[in-house]
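Structures for review follow.
In the two complexes below, chain A is the common chain; its partner is chain B in one and chain C in the other.
Let's turn to the complex of A and B:
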């Protein structure tokens, strides 16, 4: 088990190094730099700024410096938010994205598993068809449209009630979470319910299911111990990348609902060519993704005793 | 697990916060004299010496006060300076003795001397340093040739400031209302160093409002400054900005829900706002949009006959009415927008621009002439560099259509995001670029010297010795008539020689809560300005 974890962590570290290096050179290959501004800068001002940020050094030297600082956990100071450290930006804004993302995943998980199960139980009957139509709609309508519609609905609801039932946008209260989280989790929910449906159908026709039934297991116990526990495995496989994806992919939702999450900084940094923030957020998200995947791998063993983590495989 | 814990904690805190916040959320609150707004983005910095963006300018206009300020009717009015004298060689300001910093210390002439020297220091690397260049030795100090002490600004006493000019600067008074000219406290800057103005507790202000709260990315809250010398005249006690989003629809939804008092409108939201019967307001942002031609060696666009052909091809009125179709935006015919001031009234009223009528036949004649001059039978495909907004694309596609149908030329659209477009402009990697310019200071020169051969913002590298001479003439003259006559000639050159082709003057549409009154929409000195606003019951 320990060997397995160590192995996974080592390959994770290599992955992160690769992400960091690729991003670093790709970013520098893009025309322009963080100092490019609407108004032209005099050469004197420009060289001062280049010296301050170390942009006057050869690229390979900048890369070495970056790697060295990264190993010390220091990503430097943002170019656009001039007085803020990248570490502070991540520390202040990631928890917000995480709260939003985790709530979204929980909503998606509960909704997706229930909808998928219902669809499988009522295969090719109207509950199944309804779920599948909703799934297609949720997957194909882009997030910003759903977010906009959700916001309009809140406005209409509040206007009808004559008071604020749910806030239209903003952050700081528990009621600020639900609607953005639902919007953020909707696509995932749809995706998970498809996986759940397929997997549940497989389980329902599996021999062990018949055997359990034949042995007199039925009702809640049959569902919980024999069907759900087996059918949910592929969903759990998806969960790792999903948590990372949802936590990092909330840019549009964060923009529309005026939520001060990290997603906004992540996307803006790329648009603004804010080198330090690009590197900081990319490496951070990369590390986060790797960590989540490792955690999920380990959790397989807990859910399904048939998977044992010894031979270094551990995957399905 | 850590995240899980943080999540639980956040939920618990949020529940408490919720009950506290639900009751207070309101666009305008007359009892508390409180105003709630949304911000498009967070200001990158609130350090006046290095700030460049409009959001910082807006916030600083409420936190700080310069020598002069923009008054309730948009006129220049006394700020920290009680009275002043201005002539061709320099200016003198007498400061009021009751101006105070937020910690109670008096605002003195030394605070201005320090701030201006600091902004010009090469180490500060302020992008707006050039705006000080009319002051004696400013350029040399900025380039590190002279010591900051050589700058032509002296504190004669605590309340008297003397400024010497390098060139006559008849618009100097309006400069003193600009953010880079705001005073700075040497001791406060020394205390925080690079972290100055990074958080609410790391700056000292002298204006009508205090920075009460600054939660990065989430909220900025201003509260009336009791130390401000004219605090009695400030009616709105609190300006809260708990939403930061650049999405106009989100802002409009917040406005509809009565959470914020103002929201910008774009094309999609305009009809929605009309349908709901909101009062729609408009103001001219003072900025000019234009097509800029590349004059670098070997470019077709360096040929005058070719540019004349393009000029005859494009009708700004059609572009504005049929393609952009947003009220408030108007067709442009001159380098100088209608908002530019002249001798007594607007420059454009005093010196009307000669208009060129669009004419396909004339355009084709010019094109034939261009081909003959260039010795080519066919114009190769040209590159139009454009921004990535929907409007920019619409506009670019319109030009593409006109070039194809009118002149038989293939125009290729090179659509780029902001920084990449700027970099390509800097490198000269375009034939024609759809560009824009917003004025920096309240004088015609902010537009005029744009296409002087030495200006770094002259991205097409236009080089016309007559143009350059006229700019030098105006820069060295203190006589308004001489200056504006030179500007009229500049205006004519732009029409005649077509270094750029003006397309439209930008306007902004917005909705505003009807109980909020007295808001100033400014081209200069911070926009919007709530310093003179009030809330009606």
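Let's turn to the complex of A and C:
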């Protein structure tokens, strides 16, 4: 087990290095340079700024500096917001994204598992059909459209009630979380319920399920101990990619609902070409996602020992 | 000998039994879902290819007089020759709030001079909304000409005392549809320097789906946007699946350390967070002035999306290499390239086809996502995602502008997904039959 964990951690570390390197060289391949602005800059100011951001050094040296700083957890200073450290930006905005993301994943997990189970129990009857139609709809409609429709619904609801039942956008209270989190989790929920339905169908026709039933296990115990525990395993493996999907989906949801999370900040940084913020957040997000996948892999290895034996597959 | 090998190889779909040479029954593919989704796909392709030939409006032409107009906006509008400063005609002042003329270029109001009021404030609101609306002017004269972004709807004007805030007069006004001479000349509806008569009626090409916030025809934009979306959606997967297949096939055929190295590399590329790096690469490639941004988008997708098919094909090639019929072909002296083309390719082709049909909706989604956050195609080129981006800004007042492109994205994604499902089921069933 230790060897398995060490192997996953090592490949995770190499992946993060690869992400950092790819990010660095991609950003340095950008035509033009980050200091080009509409206003002309005097050579003195320019050389000052270049020295400040380390742009006067050769590329290899900049790369070494970048990696070294990254190892110390220092992502540099923003280009567009003077004197604001990327670390501060991440520290300030990531918790908001995290709260939103965790709520979304929880909603998706609970909703997906229950919808998938219901669909499997009522296979080819109307609850199953309804779930599958909803799944197809949720998979086919882009997240930003669902977000827009959700906002329209809230506005119509508030107008009908004559007061603010739910805030349309913004961040602050508990009420601000639910709708964006639901919108964010919806696609994932649909995906998970599809997987859950398939795996539950498999479990329902499995020999051990028959054996448990034949022994007289029934009701809640049969469902909880024999069916759900086995059926939920494929859903757990999908949690890693799911969290990745929720993270990037968060970009759009945060943008539309005006939530000051890191995702919205990243999109803005990209639109303003704020190089250090782009590099910092990309590496941060990349490392975060790789870690999530590694943790999910390890926990899966803990739950199901069979995985450890043939774990040559590498990352996702 | 060689002949029978050929017959066999062509008829086997990932089978591992040699003796099964009987022709396989074709699975029933024409389920209702397949028929409908195929028709939808054909309809979409016709919409973006033949559509612009039938509906000859320029998708980037702006109708300034028809900002966010609905489908029912009037087709014939009045030509307004003179919309300069205005003074009411001399004579008896009106008894109440009077409308001298109301069209979508200007609304001319006059009201009686009221005792004790030094300054008047004019409010304008959409008639179906509560409240006074926008305070559009303050004036000390008892008349006003409103030229502020009028559109074809009923307005309620309210005159108030600017000092005390006391409401004095109110009236609902329905402006006629109109167009200024300047715009009519700009659109080529009126030849320059050839105007006679004080008033003239113009007939405009209608907008069956209305216009967007910049007065552009939504139907024409949906056609133009669809061309971009479907182009990216088909070409990007075509390129990256081809590349992935070649990469995977080389790795699988070479084997040994080449295979190991290639697959390590694939592992790393797979580990890159997809949309994050899509955005990053899009930034890195940059878009020069006058470029539409489609090429960088496709290149970025190519760089990030190929590993899936590379893994798939490599696994298939490894499995096929040890299949009896491939070894038999080798024994019979069939050359390497011929073995690959005639014995291995037909066996992996269905799988590639399935992967391709699932990649299309994904690519359409990716393009829509990137265009939506402003990282996709650059104006004036448009796509369904970019149209959604435009539409979400006017979501609360004109939801149609978001919902129409969203509908097209959803329908095409749904159709391609159903098609992919059907293709997968068909190939699976064939494989199942072969194994049985």
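The working rule: the second predicted complex is superposed on the first by the 282 of 316 C-alpha atoms of A that agree within 3 Å, B and C clash if a C-alpha of one lies under 4 Å from a C-alpha of the other, contacts with A are read in each partner's own complex, and residues count from 1 in each chain.
One rule holds for everything that comes next: a residue touches a chain if its C-beta (ideal position, glycine included) is under 8 Å from a C-beta of that chain, and two chains touch if they have at least 3 such contacts.
Fair warning: this is a prediction, and the values are worked out from it, not measured in the lab.
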item: Clash or fit (per the criteria above) of chain B with chain C on chain A; value: clash
item: Partner chain(s) touched by A:117 [first = chain B, second = chain C, both, neither]; value: neither
item: Partner chain in contact with A:92 - chain B first, chain C second, else both or neither; value: first
item: Contacts of A:173 with chain B and chain C, given as first, second, both or neither; value: first
item: Chain B versus chain C as contact partner of A:52, first or second or both or neither; value: first
item: Contacts of A:151 with chain B and chain C, given as first, second, both or neither; value: both
item: First (chain B), second (chain C), both or neither touched by A:256; value: both
item: Touched partner set for A:140, first chain B, second chain C, both or neither; value: second
item: First, second, both or neither for A:271, with chain B first and chain C second; value: both
item: Partner chain(s) touched by A:193 [first = chain B, second = chain C, both, neither]; value: neither
item: 57-65, 93-101 or 345-353: stretch of chain C that collides with chain B; value: 57-65
item: Intersection of the chain A residues that touch chain B with those that touch chain C; value: 30-32, 148, 151-152, 155, 255-256, 271, 273
item: Footprint of chain A on chain B - complex, ascending; value: 3-4, 6-7, 10-11, 14-15, 17-18, 21-22, 25, 38, 42, 44-45, 47, 50, 52, 122-123, 125-127, 129-130, 142-144, 194-198, 215-218, 242-247, 249-250, 253-254, 256-257, 259, 417-420, 422-424, 426-427, 440, 455-457, 459
item: Residue ranges of chain A touching chain B (in the complex, touch as defined); value: 30-33, 36-42, 44-45, 48-49, 52, 80-84, 89, 92-93, 95, 98-99, 102-103, 148, 151-152, 154-155, 158-159, 164, 167-177, 255-258, 260, 264-265, 271-273
item: Touch list for chain C against partner chain A, complex; value: 263-264, 267-268, 270-277, 279-281, 283-284, 286, 288, 361, 365, 368-369, 372-375, 385, 388, 391-392, 395-396, 399, 402-403, 406, 409-411, 413-414, 417
item: Complex contact set, residues of chain A against chain C; value: 11, 14-15, 18-19, 22-23, 26-27, 29-32, 136-137, 139-145, 148, 151-152, 155, 244, 247-248, 251-252, 255-256, 266-267, 270-271, 273, 278, 282, 285-286, 289-290, 293, 314-316
